[in-house]
Every structure is written in structure tokens, then in C-alpha cells.
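Heads up, the next two complexes both have chain A, just with different partners, chain B and then chain C.
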Partner chain A sequence: MSKLYTFLKYFFIVFWAVFVVAPFLWALTTSFKDFQSVNGGVTYIPWVDFEPNLEGWKVLIKSPAKGGVDIVEPYFNSLFVTCTASLISIILGTLSAYALSRYTFKAGFVKNNDITFFFISQRIMPPIVLSIPFFLFLSSINLLDSLVGLIVVYIVLLMPIAVWIMVDFFNKVPREIDETALIDGCNPYQAFLKVVLPNSIPGLIVAGMFCIIFGWIDFFFAFILTFTEVQLLPVKIVALNSSVTPWWSLSASALVSVAPLIIVAFIVERYLSKGNLSGAIK
Partner chain B sequence: MAKIDLSNISHSYNPNDPNPVYALNPFSMTWENGNRYAILGPSGCGKTTMLNIVSGLVRPSAGKILFDDKNVTDLKTEERNIAQVFQFPVIYNTMTVFENLAFPLKCRDFSKAKIDERVNSVAETLNLKSFLNSPARKLTADQKQLISLGRGLVREDVAAVLMDEPLTVIDPDLKFRLRRNLKEINEQYKTTLVYVTHDQNEAMTFADNIIVMSEGEVVQTGSPKELFERPNTTFVGYFIGSPAMNLFDSEATSENTVKINNTIIKTNTNLSNLKNKNIKLGIRSEFIKIAKNQSENLVDVNVQKVEDFGNYKLITARMDNFEIKSKVNRETEISGEKIKLHIPAEKCCIYENNKLI
Partner chain C sequence: MNFKHKYFFLFPGLFVLIGILIFPIIFVVRLSLSGWNSYNPGLDFIGIENYIRLFTDDPRFWESFFRLSFLSVTTVILQYVIGFALAHMVWKDIKFKRFFRVLFLVPMMTTPVIMTVIWRTFFHESLGPVNDILSNFGLSPKWLTDPALAKFTVIIVEVWQWTPFMFLLLLAGLLSLPKEPFLAAAIDGASPVRKFIYVTFPLMAPISIGAIIIRLIEASKIMDTVYVLTSGGPGTSTETSSFYIFIKGLREFQMGYAASMSFTYLIIMIISLTIIAKVLTKLLLKE
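What follows is the complex of A and B.
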């Protein structure tokens, strides 16, 4: 029985690992292939099955004038927009979440839970519903096709995630912690900054991770709200497609676009394995 | 350190409701500087509300709080210089034990030398010295509670240290030692200590003054002896002491005698001004002994059971429709089922409408 269990356990782990890793390996080998190696039947191993070349990667940094696509600028645009919007969302989201968790708000029948739900409801709506208002809004303040405009929109999209995660997190931090800090002589701001916030780092990391992921992978709004001046990575990658699908450069760009998320995942995973995310309170 | 006056304090959590429910009914009280107080009462009687009002976490619906005759009712918690320890350990997880203990002093800009001195002295008292540099979150629950306690004691000038059932999570042996430590700290630094508990033994052994509460009302304040011997209400008689006070429905028959069933009992209370002839006679089981050569205040009872508690025996007996309990010496021989018990007149408490007269 236990042998069977061990066998099944490892079988599923290996199966799952293959399931997750295989597409990456596939993309990695494809990125080093040329037209011939991609279209001339299935090949796997470089130098044996096919002759690797760097053409797929070179296209990504070559300027359009020389037949390349140059994703460097969109890449840094994406990094800048995602990080700035995530940071601002986390700061604003954490402050609102703390207020929603600790203070009672009432406006007619609207109470704390309704306000929290209002934040989340922004994400329940299909993005297409928001696209026209966003477009009109940004055009009215002359921020269409600009990094700042994108940051503003991304904050609207990411802050609900931060609020949602942090409200739940703060609700689990006992109120007595704040009260004790007040008794020990902090004012409410110091209590939040010196005591509650350091205790909430795990929540901040989770919220930050979600914001970065959702910001980084967004294509829809980046596509609708930008034209020529500013481009973000997902839009640029889609633009790679042409009558002859360049699988090699598509694979290469897919790998570079996933890279930041893999780095984030590694950092969070290390933090998780140290046990820092659990048992923060009591 | 301060004298704390609570003047006409009352509190409701829904004061704007047409029928507000009061967690605390109006009361006034003074906590003298340097004394030890225990607030005793069953769960939900308003003990914690009272503490939170003193520390400023809750603003009372009515009344004033004075620290050394200065009105602090509208002062914020952080401006009151008070320490409060909660039932469950509250520690700052991200800090070391030292930083935890130093936090209240740091918030008040004490010098580094002073902080070191105070933290070390408190850590010494609470046996935390060897943990000072460990992360606080790595400690056990009772050590964490010691840190909470330590943060309360680290400020010498604190107006009072309020403790809300602080020893719940601590094992009995350490509990005993800590209570003694707290007493020593009180004697050494003259810190006013207020200790909330629902455990009468804890209250009796810790405090020189006990405040008994029931359903938002302060029912009696007094020394452990007063509460034990002269409970103000039948509730106090019932709540304090183990077993609870014996209470008998009775009828006043003259200015100092009452009748329980057909037995006449003499008391030292003047009963001539009673409005109601139906009263209750209360007497502690500690004062009821097996009759030897007394001639009055004797009751005939049927012994139901005798329990040996090691240091004393508890007799449970029936006197017609009443149960009567008597605590006697271990060596006492109980012969036969029918015995005579003696009820000393000077220890009888008479209650009219459940209030002592």
C-alpha cells in the first residue's frame, strides 16, 4: 500500500513537472531554430536534430529599420508601468484596507463590507465594459498613449486586488496589537507603521505578487489605450506576428517576458520556505 | 503612578438606540496610588469595558476619569501613560524580546542608558534575561505573556498597570510565582496594579481590594475578608467562596430571630425595621460546625454525603427542603446520619431583597 502510494506520488510529481516544464523547454529550443528546423518536421536536440542559431533572439533587439522588432523599449516600459502601478496600488490599497479593517464607516446603508465589495466589484466587471470609459477619461485629460495614463489605469485595476488581500490580512491581525501599541505610547500612525505594517509583510508580499502578475500580463488595456508613442511588451509581442509566423522570435520573446515573473516566483518561494508567511501572529 | 478616580462612569455600546443596553451602569470609585485591586466577576459583567475605559480604548458614554485630579476623559490612550496587559499575549513579532520590552520607552524618547537599565531589570524579574536577543515570536505562549507583562512594568512612572486576566495562558506553578512577583513589584515600586479575573482565588490572593461586578454593576468593593464574611448581596455570597454561601429562605420572627422552616435562629442583626418579613439568611459553610455543647441555634440535619478534600471535610446535609454545607476539620468524626449543626449568630448575614441589612 505504502509502496503504491510512493509510486503514485512520484508519478504525479514527475508528470506535473513535465507538464509545467515541457512548454518552457519547447519554447527554449524553438527560439534557437530557423524556418527550416521549425517547418521541416519535429526536432528536439540542438546540434543533433538541428543547427541552433541566434536569429530569433537577435530580432528582438534589432531596430525595425534593420528588419528587427526591438522589444527593449516596450520591455522597460512594461517594467516601469507594472512596478510603479503596483507600488502605488500597494501603498494606497494597504492604507484603505487598514482603514476598512479597523474603523467603522457608514453612509446610509453602505458599510465597511459594502465598500470592500465595491473595490472587488471593479474586477468582476468584464474589462471591455471599462475600456470605453477609460479611453474617454484618458483622452479628456490628454493621457492617451502615455506611460502616465497607463499607470493611472493600472492603479485602478490593481488596487482592488491589494485592498481585497490586505483587508483580509489585517482582519486576521488582532486588534489588541494596535491597542497595545497605543498603550505603549504610539500615536495611531506610528502604531500602523511601526507595529501593524511590519507584522503584515507576508500579506504585502502576496498582494505585491498578485499586482505584479496582473499588471505584467495585461494585454487588453495596453492595446486599447496606446498607439504609437508608447508600447508595452504584450502588445509588441503580438505585433511580432506576420504572414509567416516567426515561431523562433515569438518563443524568445515569450521567454523574456516570463523571466520577471519567474524571478518574483523564486523570491516569494524562498520567503515561503523560510516559514515567514505563516505563523506571523501568535 | 497616580490616584485614579472614576466618577459616575457608565457605558453603553449602543448609546443612540432608543433602548440602550448598558455594559456598565453608573458607578463611582477611587483607586488609591500604589494599591492592588482585583476586579472580579463572571464573564460578560463589564470588567474589560471598565479597564478599556481607564486605558482610553473606550470612551465612556457618561462620567469622568481623573488621574491625580486631572480630567483625562478626553485624552487619547497614548497620552494617558497607562499600561495594559491583555488576556492573550500580544507581542511585536518582528522584534526581539529586548526590542519588545524597550518599545514603550522608545516611544517616549527615553535615553539609551535608561532603556538598557529598565529592560534589564524587568527581564531579570520576569526570568527573560537569557532570551533578550531572541526573536519574540520564537518564544512559548507563557514566555510571550511575560513579555506583554514586562512591557507593562518597564515604565516606572506609569499611572497604573491594568491586567485583563493576564495569567490565563500560564501554567499553575508559574502563575503562583508570577502573582508573588507582581506583589513584590507593587511593594517595591508602589505601582497601582489592577487585575481583572473571574477566578476568586486569584483575586483573593493577589489584591488588597476586590471589586465584585455583576451584569454591569459594581456590587461590592472591599477587602477579601469583608467580601468573605459580609457579602453585600446574595450574588457576592454565592460567587465568592467555595462552596458558595449557604442561603435559606426564612421569616423574621422577632427583632433578632428568624425562622427557617420550624427552627428558630438567633442573629446579631436588628430586624425590627424590615419592610418584608420574607428574608434570606446566609452563612458560610466554614462557620457551621457540628454542635458540641451549644444550647441554641442548632439545626437537625440528615447527612447526605461527606467529601474528604485532604485538608478539610465537606458535609452536605439536608434540613427538610434545604441543602446545607459545612466545612469541618479533617479529624472531625461524623457519627451517624442524623446530626446537629451549630449556626453561630455573629456570622449570620440577613438579606432583604437579596441585599445585606
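What follows is the complex of A and C.
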């Protein structure tokens, strides 16, 4: 019985691991193929099934005029938008989360929990609902197709995540530490900056990672609110997909685009195994 | 004493969020009462004509909504079952525990649309590896162009992409469980199956509810994957609400009508998610 269970367990884990890895492996091998080995029947193993070459990777650094795919600029745009929006969301979200965790608010029937719910519930908002007014608004103030417009929109996407994680986190940081700081003569801002924040670094890192993940992987808003001036990475890759870009350069650019966040998986796992996530995500 | 300080902490975030959101929402409502389209761009007032059209004369919207419900509920159930199984398996010591934990998290870190581009080549009818392997058995399913199979393909891709998120939430939950109930069960000599049914699962109920609701919210936005994988096709067989609104609003520029659809859609989402949350809480927390 227990042997069978162990067998099934490992079988399932290995099966899922293969499923997870399959598209990456496929993309990796495809990125080294040439015309013949893509279009002349399916090939798998380099050197055995086909002769690998670096053409798919070389076009990544070529200029578009010479037939390159030009993902360098979208790459930096994506990085810039994601990091800026995440930073703003984390700062504002952390301040609000601290207030919601430490002080009591009451305005009529609206209490702390309702305000927290208001923040988090913004995730329910279907992007399409916002995209139409944003499209018309940004075009009326000439911010359509600009980095600033995108950052503004991304703050709406990311701040709920920051508030969600940080409220839970602050609830676990003992109140005594702020009280001690206040008794020692700090004003509330000093207490927050010098005592509470340094004790909340794991929470901040988790919130930051989630903001970066959800900012980096967004496609919808970038797709609707930008055209040619500013292109983010996902939009660029999808544009490559619908043009006649060959599979090898498509695969290479896709791999380059998803690579940076895979490092985040290692960081998340570290915090998970240390038990820091259990309080932060709930 | 801290009367003023607390507002300094709360208000910047709150006001930025409200400031960015309030006008779009009011604008959507106002826009939905206008006949804004590409011939006639402007905020005229046509009353609730758009809503009448939506409720009486647009089966395509409702079909896309039921399709969305089907897709999101199916994918979330699959993600929950698989995610829970995986989390439970790597919870206790197994070989290469941390390797598997990292590996199982990886898909959620990758951009859905970019991976979908890869999936498209993966499921390609003649040049993709799936059909190459299946052709040995004489099969060549049309993953992207058969109406029923295309839905299935969307589900596979969604499950691949988002099971890790469920896995993460549930594993974090499992790791935070208290040890005492498990010790008690071990002393009573409970079998692993009974231990799971009577101890682990009830203890995980609150976390499960949270995780399912979060995933349902995110799944109800399915659009990127569909756009890249099938563009709603073949026909309208994988078209979801968001995608239909997108076609009406930003492809055909029937802004007024699209606004009335998106407002209706928002209201339905809020109501149905609230009901689902209530029902799940009742079901899973009945003890």
C-alpha cells in the first residue's frame, strides 16, 4: 500500500516535472534549428536529428534593418515600466497597509476591513473594463503610446497586491516594537522608518516580487495602450508571432524574455522554505 | 493622539488608487449610455438603448460569458486538485524536494502570452512535437482548429501556467499548519488517507477558499492566452467575455456598446464572485 503510494507519488511528480519542462526544452531546441529542420518534419535531438546553428540567437543582437528582431528596446521598456510601477505601488501600498494595520479608521459604516477590501478588490476589475476609458483618456491627453501612461495603469494593477501582502505582514509584526520606539521619543514617521520597516524586509521582498511578476507578465494593457513608439516585451513577441518570423528566432527571443523572472522562482522558494511566505500570503 | 498621522499613512495610496480609478468608472457608465462608434464619436445620450440591445439581442455576449464561466471554473478546479496534490507531495521530505519546489513554481514566473507563442508551435498540427508523437498511433488531432479541442488546448495552457500559483498558496498554507493535530493523529494510528480527510483537509479549508477565490478572480480575466492561441476561434468557440468586448470596443470601435457590456460584465463578476465566496465558505467550513 505505502509502496504503491510512494511509486504513484514519484510517478506523478516526475510526470508533472516533464510537463513543466516540455515547452522550455522544445523552445530551446527549436532556437538552434534552421529552415530544413523546422519545416521538413519534426526534429528533437541536436546533432542527431539536425545540425544546430546559432542563427536564431544572432538575430537578437542584429539591428532590425539587417533582419534582426530588435527586442533590446522593448526589454528595457518592460524593465523600466515594471520596476517604476512596482516601486511606486510598494511605497504607497506599504504606507497604506501600515495605517490599516496599526490605526483604527471609521467613517460611517466604513471600517478598516472595508478599506482593505476596497484595495484588494481592485483585482476583481476586469482589465477590459478599464481599458476602454483609459484608451480614450490617455489619447485625449496625449499619453497614449507612452511609458508614463502605462506606469499609471500598472499602479492600479500592482498596488492591491502590495497592500494585500503588507497588511497581513504588518499584522504579524508585534505592535510593541513601534510602541517602544514611540516611548523612546521617535515620532510616528521615525518609528515607521527606523524600526518597523527594517523588521519588515521579508514582507517587502515578497510584495516586491509579486508586483514585479504581475507587472512583467502583463500583456493586455501594454497591448491596448501602446502601438509603435513604446513597445513592451510581451507585445513585441506577440507581434513577432503574427508576422512571418521564423520559429528559431521566435523561440530564442521568447526564451530570453522569460529568463529573468525564473531567478525569482528561486527567491520565492527560499522564502517559502524558510516559512516567511506563510504569513505573507493568506 | 495619532489622529493626524494615520491619515498621512493611509491617504497617499488610497487617493492615488481612487484618483486613477474613479474617472474611468464614471466614464464607462456615462459612455455606456451613449452611441459612440466610429461614425459618430461623441458622448451623445441615447438612454439605455445599449443595455436593451445587450439583454435582448446579443446571444454572442451571453455565450461568451458562459464559455468564460466554463473555462475558468474548469481550469481552477484542475489547478486546485493538481496544485494541492503537488503541494502535499513536496510538503514532507522527498528526494530533491527543493529542486521540485522551484521547478513547480517556474511557469507562473513566465509571461503567459510569450509561453503561449511557444505552445502554439508545440501544438502545431504538422510541425509540432505533440502531433508528431501522436502520429505514431495514427492520430492527428487539430488542437487549435477543432472547436471542442481548442477549448481543451486553452485549458491545458492555462493549467500549465497557473497551477504553480495554486501550488504556492497551498504549500505556504501547508507549511504554516500547526504540528499538534498531526501528532495526535499519529498517536491514534490514523492511516494516511484518514489523516488527510480528517486533519489536513479541514485545516487547509480557509487557505483553500482563499486560493480558489484568488484564482477564480484571475481566471475570469482569461484573454491573453486566448488571443494568442486561437484568437477566439475557430469561429467563436474559445471567445471569452473580455475578448468579445475587446473586439466590439477596440476593433469595431462601438465604444458605447462595449462600455455597456463591460459595465454589465463588471457587475456580474462582482455578484457571482461574492456568491461563490459565500458558498465555498459554507461548504468547506461546515464543521
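Everything below uses one rule, namely that the second predicted complex is superposed on the first by the 244 of 282 C-alpha atoms of A that agree within 3 Å, B and C clash if a C-alpha of one lies under 4 Å from a C-alpha of the other, contacts with A are read in each partner's own complex, and residues count from 1 in each chain.
Here is the rule we use: a contact is a pair of C-beta atoms (placed from the backbone, for glycine too) under 8 Å apart; a residue touches a chain by one contact, two chains touch by 3 or more.
Nothing here was measured: the structure is a model prediction, and the numbers come from that model.
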| item | value |
| --- | --- |
| Contacts of A:Val230 with chain B and chain C, given as first, second, both or neither | neither |
| Residues of chain A touched, compared between chain B and chain C (which is higher) | C |
| Which superposed partner A:Phe266 touches (first chain B, second chain C, both, neither) | second |
| Which superposed partner A:Ala22 touches (first chain B, second chain C, both, neither) | second |
| First, second, both or neither for A:Leu138, with chain B first and chain C second | neither |
| First (chain B), second (chain C), both or neither touched by A:Glu176 | first |
| Chain B/chain C common contact set on chain A | 187, 279-282 |
| Residue numbers on chain B that touch chain A, as the complex places them | 55-57, 76-78, 81-84, 86, 88-90, 92-94, 103-104, 107-108, 137, 148, 151 |
| For the chain A and chain C complex, residues of the former touching the latter | 2, 5, 9-10, 12-13, 16-17, 19-23, 26-27, 30, 38-39, 41-42, 44, 92-93, 95-96, 98-100, 102-103, 105, 115, 119, 122-137, 152-153, 155-156, 159, 163, 187-189, 192, 213, 216-217, 219-220, 224, 233-234, 237-238, 240-241, 247, 250-251, 254, 257-258, 261-262, 264-266, 268-269, 272-273, 275, 277-282 |
| Chain A residues touching chain B - in the complex, by the definition given at the top | 174, 176-177, 179-187, 190, 195, 198-199, 201, 279-282 |
| Chain C residues within the chain A interface of the complex | 2, 5-10, 12-14, 16-17, 20-21, 23-25, 27-28, 31, 82, 85-86, 89-90, 94, 98, 100-115, 117-122, 127-129, 132, 160, 168-169, 171-173, 175-176, 192, 207, 210, 214, 217-218, 220-221, 223-224, 227-228, 241-242, 245-246, 249-250, 255, 258-259, 262-263, 265-266, 269-270, 273 |
